[in-house]
Each structure stands twice: as C-alpha cells, then as structure tokens.
Amino acid sequence: MNTIVTDVLIIGAGLAGERTAIEAANQGLDVIILSLVPPRRSHSTAAQGGMQAALGNCAMGRGDNPSIHFEDTVKGSDWGCDQDVARLFCETAPTAVRQMAYWGVPWNRVAAGRKRLPGGQEIYELKEYEGLITARNFGGTAKWRACYTADGTGHTIQYTLDSIVIKLGIKVHDRMEALRLIHNGDKCMGVVARCLRTGKLYTYISKSTVLATGGCGRLYGASTNAVINEGSGMFLALETELVPLGNMEAIQFHPTGLVPVWILITEGARGDGGYLLDKNHHRFMPDYEPKKKELASRDVVARRMIMHMRKGYGVESPYGPHLWLDIRHLGEKHINTNLREIANICRNFAGIDPVNELIPVRPTQHYSMGGVRTNINGAVYGIKGLFACGEAACWDLHGFNRLGGNSLAETIVSGMIVGKKAAEYTLGTELTYSYQQVNNHYNIVRQKIKNIIGGKLNKKRHENVFELKNIMEDVLMKHVGIFRNGKDLLKAVNALQELYHRSRNISLRSSGTGASPELGLALRLPGMIKLALCVAYGALKRTESRGSHYREDYPRRDDKNWLKRTLAYWPEEKDLPCLKYEPVKITEIPPGDRGYGESPGKGGTS
Amino acid sequence: MQFQRIVTGKIKSDLYYDLIELFSGLFLAGFLGMHLIFESSIIAGKKVFNNLSQTLDENYLALAGISLVVVVFFIHFLTAGRRIPTRCKEQKIIWHHTGRLRHLNTWAWVLQIITGIIILILGSIHMWVVVTDRPIKAETSALRIQSGYLWFYVILLLLSVVHAGIGIYRQFIKWGWFPRKPLGYVIGFISIFFILLGFTALFTFLRAGGL
Amino acid sequence: MKNRELTLNIFRYDPNIPGREPYMQPYSLQETEGMTIFIALNQIRENQDPSLKFDFVCRAAICGSCGMLVNGRPRLACKTLTRDLPEVITLMPLPVFKLIGDLSVDTGSWFRQLSIKTGAWVHSDKSFNPNCQEERMSNETALKIYEAERCIECGCCIAGCATANIRDDFLGAAGLYKIARFMVDPRDERPEEKYFDVVSSEEGVFGCLGLMACEDNCPMELPLQVQLAYVRRKMALIGFRV
C-alpha cells in the first residue's frame, strides 16, 4: 500500500479546488490536490462567458450592489437557495473578482466614451470608471454584472489560479482518481485513489478532505460538459451512506448547445444581441417573453424553445428537431473579435460560418445545481472532516436554477470561504487513524477491481460497461429532460434500477491491467447510475415545478408543500435512494413572483 | 538549478553567438550578391570585367575583401554550424521528424544544413583557387570554366543562393522584421534573379571561351 | 457525401510492460457525417478495443488535452474532422512528451515544469487589499495580456519543433509565449534582467531556429512568430543594457 499523508487533501483541481487549496496553503497547511487531469485541463477552463460580481463600473451596471445581485440570485433560484449563503456569496464576490485581478486575470476594462449597443441603444461609459473592471450582460440579471476576459473567462481564471498554486508550491497529483473516501463512520480521513498513469492504488491520509470534483453532466447523453464530468465526487460521498446529496433533480439545460456535438454556444451570443429563429426564420422569443426576449432566465428560454419545437416550428434534422441562433447582424468584425471562440466552434465542429450562416442549436444539459450537501461553511452533512465546494457541492446558492455567471463566481467565493473553514478545522484537529480502517477501505477497492477483472468466471451475465452507460444516458435524456411528468419519470426510475442491477455484473473485454480506461469506467459506472437514480427519483417525488425542474403534470410552484430541499441518501444494498427533506433557509425575501421569467406573452401557456 | 549552472552564472554568449551568426551571414549574403553582380559584368564585355577587376586590385580592395570574406566565411561556419545536429541519434530523430511533419520551412532548414556543409567544401576550394590564381582576369576565369569547372560553379552558385536565401528568410522571421508571407515571395524572387544572373555570367564565360 | 470506410492506423505501446515492443494497429471504421477523430477513437474504444489509451476532456478545442500526430502532423484530435483527411489515417502520440501509453502523453507535467522554470506567475511585492478598488488598467492592455494568454498548452508547437525534438531543455514556442505574457503585463514587477536570465540562452529564445513549425501547427492560430520575435528583440536589447 502506497500511502501519502497531508494536512488538507483536495479532490479536484478546477477553480473551486485550486482556490480552496490556496486559501488552506496560506494558513500554513500542507496541501495536496488530486485531479483526473492536469489542473489547466479541468472543465472550468471551458467557461467562456463571465463571472458575476456586483462592481457596478460599466454603464449598464451602474448602481449595482450586492443586494441587487442577491435579489437576482434568489429569484433565479426560484426561492430554492439558502438565502444566508446567497447573501454571503454576493457580498464576497466583488472582493473575489478584485483578488483575481491582483493575481493576474486580465479582466476586460471600462473604456470611456459613447457606445452603441447592437439593439440600437446608446450608452455612455464615464471617464471616472475608465480602467476599472467592466461587465457584460448575462441572462436573468437586473444589471450587467458578468465580469469577463473576452471569450476566455474560465481559461484566464484557471490559468491565473494555477499560477498561484505553482508559486505557492502546492503539490498537485494529476491523473490520480479518487475512488473511495476513507472514513470511520464519524470522520473522513482521506481517500483511496488510482493512478491513471500506471493503474496503481494509493491511499491518501489527511486531517481534512475537500470534494471539488465538479458536476455530473455526463450522466446525460447530450451535455455541454467536459467528458470527465461524471460526478465522481458526488457518488464518493453518497457511498459513505452518511452523506446526503441535495436537490439532485435540479438540472439546468442550456438553451444553445450546438447540434449535434453539444458544444456550448455561450450566452454571450445572445447577450451581444443574437436572435433565436424558428424554421420560418421567425424570431419567436419576443412572442413569449416580450420584455426579456432571448435574455430571459436560462430555464425559461430553454423551455420556450422546446415548447416552440413541440408546436412544430422546429427545424427537422437527422439529429432531431432544432432551432436557429442568428448572429449574422452583429457583423463580421464583432463576430471575429468579441465572439471569436463561438465563431471558431461553429467553423471547426459544424463547418458553419456564423458570419453569414445560421447556427443549429437545441437545449442541452449544462449544469447540476445539486450535489454534496454542505452547510454555509462547506462542511458536508453527516461526517466530520469532509468539505465540498464548487459544482460538486450543494452549498446551496443556486436552488433550482443557477444564473449564468454565478457558478464561476461560486467556485472562487466558495473556495475562499470553504478553504478558510477547512483550514480552521484542520488546525484544530489531530491526525488520528487506524491502519486497520485504512486497510479495510483499501481492500474494498482492491476487491472491487479484482471482481471486475477476474469475475468473468463466476458471473451469470457479462455486462458491457459501454452499453450500460449508453442506456443510462438515453434514459435520462428521454425521460428526465426539460419537461417532466410522473409517467415518464417512473419509467426512468424502473429502467435505471434494472440497469443498476446489471451494473453489478460488468465484465471487461480488455485485460484491465495497468491504467486501463475500461476498468476506470467500470469502477465509476455503478456510482453514476446511483446519481442518475437520485436525479430521476427526486424528480418523480417532487410534485411541483420550480426553476429548471418542470413537471407538466404539476406546472405550478407549490410553496406550501415543496419549499424544501431534497436530501438523497444511499443505504448500501438498496437500489433506490432514500429521500429526506429539509426546509430552505429564507432570511430576506419571501417567495414571490420571479418577475422576469415566464411572462404570459401571447405565445405562452402558464 | 544544478551546481554547475549556479557557479557559471548567467552568460551572454548565446546572444553574442546568435548575433555573430546573424551579421556574418548577412555579410556573406551581401558579399555573394556583390560578387555575382561584379562577375556578371562579363556580360557587358571582357573589357568591363577586366577594368573592374583591375580597379579593385589596384586599391587593394580585392585583397582586403577576399581576406575578410575568408575570415567571415569560417566564423559563420563556426557560429551557425553549432546548431547542426551532430550526434547520430539526433540526426535520425530530425530525419524522422522532418519526414513526418512535411513542413516546408523545416525541410528548408534541413536543406540549409546540407547546402551549408557542401558550400563549406566547395567554397573553400573556390577561394583557394582564386587566391592562388590572382589577379582575377576574364581570360583565366573563362579558361577555368571551360576546363571542366563549369559544373563546379553551377552547383556552387545554386547552393550559395539557396543557402543565403533561406538564411535571410529565417533571420528576418526570427527577428520579426517583415511579415512572413510577402517575405517568402520577395526572397524567392531575389534568389531567382541572382541565379539567372549567375547562369548568364557563366554562359558568357563559356561562350567567350573561344578567345 | 458518400460515407467512406476509414482505416485508422494507431500507435500502440505500453511503457509499463517491460519487454513489449511498440507496433501499429489498424482499425476499420465507417465514417459518419461530421465525424471527428474524437468520435472515431471513442467508437473504436467502445466497439473494438477498450484498452486503447487516449486523452480527451473538453472535446471542444479549449482544454488542450488531445494533441496527437494525425498523419504525421500535430493536431488537436477533437477538432480534426475526418472528412478533411484521406481514407487511411495514421495516429501517433506527440513526440517530446513522456509517453503514458498508446496516444496518451504527459503534456501536463512538461508544462508544469515549464511554469516553474520560467516563474510563470505575476511577480509583485504589493499585497492585496480587499477593501480597495482594483488597480486601473486600460482595456487595450487587458486585451493584449489576454491575447498572450490564449495558449492552451496542448503541446502541438513543441511536438512540431525540430529543436525541441532533440533538446530536452528547450522552452519552445509555448514557453516563450508564456514569458511574453508576463512581459506585457504591467502588474508584473520583475526587472528585465530576470527575464534575460531565463530566456536568453540556447534553452530559450536563442535556441530558436525560426522554422515556424510551431506557428504553422498551432491549433489556436496564435501569432507565435510575432511574439517570439518580440521576445528576441527585447532580450537582445536587455543583453546590451545589463
């Protein structure tokens, strides 16, 4: 057994993980980060759009402050978020952005002068704000608040954070996959991990462990997420049997995934004035949402698009119906500079030139609001010494719908806060563990691997891991998508349960030796199916519509019965999660109308 | 950092080498141009050629020039040559690499190494012959060319111009003095011009041979 | 478009198994509309050979994971459409980087080492004051820094570079580009001589032969020549000053 000991162990080198690591290292602690991939390849680099923080420097953001940001966030979440968390977040976000500027992020800045927006409106950037961090428009906010660096916001933040990690000498063990949390039923003491270079197993022992493993988008077949976003941190926590996952049914769909590769076309395209068109080239969003049009909150736009396609206005294609995104009127110069990344994506992955062609788009899985449930300090429910932050966590800032730009901000802000709290905890605790316990967990993993590799002889069926994964993706896409109903959800739960049983008979077709990719997936898949079940079962039980969770058979929000958060536990030997509920913390704004979304425009229904 | 690097401290020699390579190369390229132009004076007639040669000789320009060129020639070889992969393994890697990559500029560099090495030999012979056979006269030159040296000069001409052209192109690229694409065309044209000029001169010598 | 039958010749090697020799393995595959090497390789792994090693993360040409030699040239596999290639496609791992297995190479460690060697972070003695406004910066400067930070560390420039192929310590275009990023950043207070120490040697900018395989193979189409020349001129100037 190869064992490595440290103070703080961080699983995940995305923005959340690295920001946490920096905070903990600054308290003088020994920190090790594990990651599936080199930090700069983490999914966070793919975020292009922006990071929300109420700085109020640009003309369209003037007068902005954390309270307005707070209000947007709460409304956006459809009152599903914890308001004390949202308040803390909004107050901290401006500092977080400025600190990133201090560390080196080249945020775009205010350039004084008159400007004409694509819609024709004239704005005037004041001289006194010149050179301060500017912001762009993102769906669902009262002010322009998304700080950005051209089209590579996630890239620059990740590179900058990683440069600080390097500067501080924080150890990063990349291509090292955490497979199991080591715990004694009360306290978490590290993880068992598998080296993806050699296939060797390692144990990491730590005083505190932080899960920052990102989202689980790849449960779905069509997702904008990176292919490594398989939610492993979430099922690691779930498999302790002690830790609940919060609101797993809250899955966000992005309105504009590029058909058929599902690469995201960022909000920036619509923020800068892009239109959505139907098969008749009619701009339909103003019919449904006269005020916000294409820039209504994400869940609203995505639903309107599906609704419009169901009415028969979708463009037929071999990959199913889709709609058009039109940015041609923004002009070649604007497209090739400000929206360069989008233009490149269209050219490289679809062979389309957006300067004079329409872009085929369809709503696509994008973000998981749910995750490992923590308190406001990032401490995970049910076990000591375990923390979580970023997309992997349910902190709960986003409730049932995340605002565009709020998750980059969340990774940084929660990294600051959780890093500090984890450090406080670590400084106040001793490293105690028994060799026996560690060895037990290590052996469980080893046995699992043995069963998968050598189990060919004694299994009744030999299931193909790729086949099972494809079925899982299809079930979620078909039955647990944007519009949900009891009948389909029940189908999904049944299908996933069957799949879960089948996943116990996975056999490899390769030898599984060394860093076998097939073995890697075989180890993850049962956990992924558990997550899929948490999503589907949580959605089935939640008989209301809230934010991105939309039930056709229960189209209204039901604050009387459902102003609460789903907590999914997984008792071993069961094939369904056990659901519990807790109230949502409401400290400032009582539930009300979301204000901007779902206006009863002439094309709308409810 | 390793001990031996710490105690040697920072050095500027790489900068100096680079600059010497640059300036010696530019000088030689300039000389090559002048050389070809002077030589092509034969096209205007034997007299013009001999007069020019005589003028240069009388002012000791030829002597000074030739000695300088010889020195710079070898300096250039020493500085530019340090980049040539010398170990067998390296050469094999480069050969594989270039073959796979199918990249014009990388091929050009390989070509430059090869031409450089051949020029080193042919150029040395040429200089030796000229120095021992002074003063330069149209008659002796023509005689040389007719007595079988023609192919020697054809090859030397081609290699030198190609070598100089690629070298200048790469230096301009490295220092960023000119945009890449147009630079390639300009240098290509100039090279072709000099090759044609050189051929015409050689042809004239060959024809003038009857004398 | 008529769908072709593709043959992918893929380099196979596992350095962890002693005594095993590298070999090329052919796979046949039906081409589909809009197929990329990403799609093709995943199909092969799912349907033919689950032991095949390769790396993809973003599959959108953003993260830089999937550099490999496609018919001899360094490319991002995720943004290489098969329709732009002949029927027989050869895939090999990037040279220079440590081979993990098959098409997977360790670009991550190489770039990390590079960042450490070049001190690739903003060097400043100022401390951060959370109660203050950010320091001002013109938008042009911000954009200039961003332009210099667009490298995704895929390693294609390094793999294409003849010098890097034979000199282990060569910084390469990616390294010099990275240094340029900090040279244009006014927040970085490093005195110029510091840069000189790092880059003004054969390992750095004066090792560059100007072959431009870096620029010609950069998937991000970064202006590498312009930036490399900028660093070279700057280094020459500093060299005469210090």
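Going in written order, the chains are labelled A, B and C, and every chain counts its residues from 1.
Here, contacts are C-beta pairs under 8 Å (C-beta built on N, C-alpha and C of every residue); 3 or more make two chains touch, one makes a residue touch a chain.
The structure displayed is predicted, hence computed values, not measured ones.
Under the stated contact rule, the graph of chain-to-chain touches is a line, running from one end chain to the other without closing. Among the other chains, the CA centroid farthest from that of chain A is the one of B. Centrality annotation: C (chain centre taken as mean Cα position, compared with the mean over all protein Cα atoms). Per-chain CA centroids place chain A at a distance of 27 Å from chain C.
Our note on geometry: chain B versus chain C, Cα centroid distance of 35 Å, whole angstroms.
Our note on geometry: chain A versus chain B, Cα centroid distance of 62 Å, whole angstroms.
Interface residues of chain B, counted against chain C in their complex, comprise 10-12, 14-15, 17-19, 83, 85, 90, 93-94, 97-103, 105-106, 108-109, 170-171, 173-177, 180. By the touch criterion given at the top, residues 37-38, 40-43, 45-46, 95, 97-99, 101-104, 106-111, 130-134, 149-150, 152, 155-156, 159-160, 162-164, 166-167, 172, 174-175, 197-199, 226-228, 260-261, 263-264, 318, 341, 344-345, 348-351, 465-466, 508-511, 514-518 of chain A touch chain C in their complex. Here chain C touches chain A in the complex through residues 14, 16-17, 33-34, 36, 45-47, 49-53, 55-65, 79, 81, 100-101, 106-109, 111-112, 115-116, 120-122, 124, 126, 128, 130, 132-139, 141-143, 145-146, 149-150, 152-153, 185, 187-188, going by the rule given at the top.
Across the complex, chain B is touched by residues 69, 72-73, 92, 95, 160, 162, 165-166, 196-197, 200-202, 206-213, 216-217, 225-226, 228-230, 232-233, 235-236, 239 of chain C.
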